[in-house]
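Both complexes shown next keep chain A, but they swap its partner, so chain B is in the first and chain C is in the second.
Moving on, here comes the complex of A and B:
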């Protein structure tokens, strides 16, 4: 049997015509969607007391976005950052985040908010379902608490409990070697200060049970005068002092404690010391303060990390901060996930991002991983060392052991009822 | 009936019917305003606009309630934000911990606010001017510090986390954006209408007399302390309503809601819009939020812009916008009569 073509318009060609018609109508949109730049919204704090949080986050993001765009963009789409100030108010952070998605058409979100602002943006992400990476909130509960868990939100910041485990074990080793039994603490009086100090002492006592806390001071956040705190600590005569003061509070505390020659009389453990924001501002940085690494270009001691720190300094004329590396990592992870998913779609990126390991200058072993089960960053460089008054400020950092961190973190989660 | 009494009765009747007429007019305006606002989602798909109106509801209720104190009674409270925060936290905590229906939580929050406001007000309203301002500020900081320190209950400086559950009630689902929008509008209009009734009632005129001359009011047999306390509690209730709308909008409550900056914003809104007209604070709210939202889009130096605007209103106009407009109209009116 031979097939003959019937004259006129066949069903098939009608369909083809209709399809072509539809295409010609839809093509501009499809083409535009593919060629269109992708907007990433970023609410952060650009004014007020902690404006440095926002500016150093923004700098790092722009540095990385330039690289991604030069390499062809996010799955072929050029990134356009829309960065807006939330003034550090959670209701503004929520408003700005909603505005970025609903009005400005941002398809992805980087949440560079601190503490309460991050939880406010988290609720927006829950409500709107937009892909979101939290880059500055270190509060463990943000990802550890299963009640907070949503499939579209991740975190590329440190986690408080990781810092406490590493700090506690480092301090305990020194306490044992030097026989430091009497300890004092001095931390800012708000949730971060209270929680971090409690977790640090928990792990310190776990590794060195003979340690005793003989004095606790809780100066107010942004306090100007620390005289009473310094004299209280000196009167208690501890052998060691722990503090999680940070930024301007830490630097004014050190400047004022220097007058009393406090740092010669006890070992000092200040977790937030080894960040350029504090190191470069203190007038006379005492030698031998123990500190966790926040961001320092000499740890990890890799050429990639040093090069990244120098590139940042060259571009912005200041050293990066702890927030800088956390935000840069977010863009690196996003770019790699988009490449793997071959799409800039938030849902597809989120799928690939779970458990994704990438090469990264801030990794303990040159890589970092976005842990799949709780959407938080692991494997980043974390360690403690002692200060010297000039560059490189913290010449040797003793790296924390991620195996121990994982074990104790799992235990901690269980004790909190999270698992 | 003596002659005198008869004369009084005659003059009273038209006054009273005038008040009734005005009440009908207010209700009518409120109904029209609600109809316009509620039909907005039919004409526009802009979620940002709906968000804007929801925030206007929260701040508008708060600022107008502050004006009951500042404009009508002459009580300049620097701590009114504590009731905004109290409303947000009470509502959020009740919903999170007890899981009761939303209207129950709403009423319970108002009850809690009333208790707090009665205790705080009983101490504060005895004081005058700057002393009143500072003691209210002190109470606000007390509540703010309590929220920060009582971390196991309030979440401390991280705020109430995990979102506020919104079970459906009477077919209203507040996790639906449009439902939340219409509910906010309804609360705003009801709140404004109630406050308008308070301001126009004999009690409202008593408050004005206390503002202008408390000693005279007292000599006329008015219990000044009780009147001040009553309006303090009423204003707190509406501020608390504003706080609940805000808590629903952000799906949480944060210590910043009870911080002095919120009270400061309330005062600023009143300065912008004007305190001598009832709708002044509402105009101020729209102005401030519009300014805030547009300026923050373009610059992070919004502080300078807002500062210049304050200076313009404080030094240039020397009054709020609606005060200025109202005065201009009455001038024109007078000029027209004189011709």
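Moving on, here comes the complex of A and C:
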């Protein structure tokens, strides 16, 4: 092949470059001059295996943004959401986040990433100083660890340690009542599975010291077949089983364990069962699986929560997920803080948001609070119950006690050297 | 490591029965996928990296047919027949163009179709996971054989796969078509010169391979969740099976798949943290001691 162009920069490309340069300098200026709308950037996972969760985050945000805009916007400015796919990759999430602020001119950020991406976006927020709410990462350290703390970042997701305390105390009460001493665990073999299982068993043993873990299984994430795990657990003959498998892995596991009649032989505690994504997919949901609440429109049992779940279903033709309520809460808090601050400025919103309590359909007592000292959401509805195969799926949820959660959380933070 | 648990299991008939059937189930499904892979390689000399997609399509076809007709038999038929047709079209339209090409070219075409097929599934059935559900006829208490637990559905699954293995083995060695296929694998030029349409044979072999993978997918659909991309992990394990058993050998695929299934079921007891690694370790040992695989023929 012969080369026809001379190397170096041609006149034409120089002009093009100059033009592009002028555009990029001019663009933010134009955006600021108009200043009618406010752009909120949102990296989330819209493709790949957990795309459904990212989509449900987007849906929930749009549902709430519509309401805020109809009521006059964020301190008088209409919200424009700029939502981008991170494909679930942390480096892509960070790149998208940076681009949203620097190129698209987003002034606020909703980080709807899973934990791996959230830590990456958190560093971008630290670097750029942009106001940011993490909506989906449940990893406790994101807000509990003082090294992570920055004044402009908050979290509206549930927190792993809260779940473990409530789950552990709920399971311990049943263990004591039914004399369940021999326990097995079966959780996916990656950071979330290992950490969550360790925290759950920690609190289970704390509330019921006689409990003994006699068998552990760690199937791979997205494993197709669990038969050997199921039979291994059957051999161990535990009285109860804990699992934090989720999504398609959990439904596979249930189908495969079902034909071994496993659910009749032991009490099963599956923290991620009571989420509509799993509940509506499993065809033969066994009765009586204990699960933590993720999102369920019947808990808290208030008309506000039921109405919110129905409105979401009516608009998107499916039920909300755990990620949905966490994202909706972020917009609710943001709107209330902007109203109080009478400004859509990120710094001012952050100031007001600290310690702010708002009315919220997902609150344990009808309200949720953005805790001031570690910028994480507290007071949300959290509880455990048992499943039935049809709606409402989890008819009765036993609510966790926030007083106990606070006490044990403080103790846990101390043990980790966070306080 | 938990050697005590493994030893305890080996000395108990209940545990032995449960874990052996558990290994057979994993192995038999794997065999159905791997045998297609090995058959296609044996005759067409193509490593079909998109083979996992047929497993996936088999599962989705079965689920859809089951939802429409509520018949388990029709669901299985739809899974197998649908993927056979798909295999034939895929071979005639695309794969037949790259037979003489570089291995890299074949690999790229196959890989492109892995992505395309995944997206097709995403477009038709959606990105979220699905479940077919166990047919009512099999929602029964498991059988207890010598104290071990065996679900009736898995007995059917093992039976169907075993039947496929026997029909395939006898068909290839005894029937005229089988002999032609073997001849085509050995010397396609001569078979063609004898007036036999090799294109038809190639298409037929690909359809057969696709059908077996589709049948595996259909049989797995009631117990495994269906997602776009579900064929990929099965494909990797099928490769291990064919490498252990020997590329191109049907008996090798059967023995390799069963060994792998048993390694998983007993390995998860004795080496819970190293079950996956155990499979690869076994593959390495076979490769080092017999590079052509257990039943592979020496390269000519």
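What we mean here is this: the second predicted complex is superposed on the first by the 384 of 419 C-alpha atoms of A that agree within 3 Å, B and C clash if a C-alpha of one lies under 4 Å from a C-alpha of the other, contacts with A are read in each partner's own complex, and residues count from 1 in each chain.
In this text, a residue touches a chain if its C-beta (ideal position, glycine included) is under 8 Å from a C-beta of that chain, and two chains touch if they have at least 3 such contacts.
The structure presented is a predicted model; accordingly, all values stated were derived computationally and were not measured.
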{"item": "Fit-or-clash call for chain B and chain C when the two complexes are aligned on chain A", "value": "fit"}
{"item": "First, second, both or neither for A:103, with chain B first and chain C second", "value": "first"}
{"item": "Which superposed partner A:373 touches (first chain B, second chain C, both, neither)", "value": "neither"}
{"item": "Partner chain(s) touched by A:115 [first = chain B, second = chain C, both, neither]", "value": "first"}
{"item": "Which superposed partner A:224 touches (first chain B, second chain C, both, neither)", "value": "second"}
{"item": "Which superposed partner A:52 touches (first chain B, second chain C, both, neither)", "value": "second"}
{"item": "Which of chain B and chain C A:248 touches, first, second, both or neither", "value": "second"}
{"item": "Partner chain(s) touched by A:396 [first = chain B, second = chain C, both, neither]", "value": "neither"}
{"item": "Three-chain overlay, closest Cα atoms of chain B and chain C, distance in Å", "value": "7"}
{"item": "Intersection of chain A interface sets (partners chain B, chain C)", "value": "47, 51"}
{"item": "Sites on chain C touched by chain A in the complex", "value": "5, 9, 15, 18-19, 22-23, 25-26, 29, 127-134, 138-139, 141-142, 149, 151, 153-154, 220, 222-227, 229-230, 233-234, 264-265, 267-269, 272-273, 275-276"}
{"item": "For the chain B and chain A complex, residues of the former touching the latter", "value": "46-48, 51, 55, 148, 151, 155-159, 161-163, 175, 246, 249-252, 254-257, 261, 293, 296-297, 300-303"}
{"item": "For the chain A and chain C complex, residues of the former touching the latter", "value": "47, 49, 51-52, 216-218, 220, 222-225, 227-232, 234-235, 247-249, 251-252, 255-256, 258-261, 277, 281-284"}
{"item": "Interfacial residue positions of chain A with respect to chain B in the complex", "value": "46-47, 51, 54, 84-85, 87, 89-92, 94-96, 98-99, 102-103, 115-116, 119-120, 122-123, 126-127, 139, 141, 145, 147-148, 190-192, 194"}
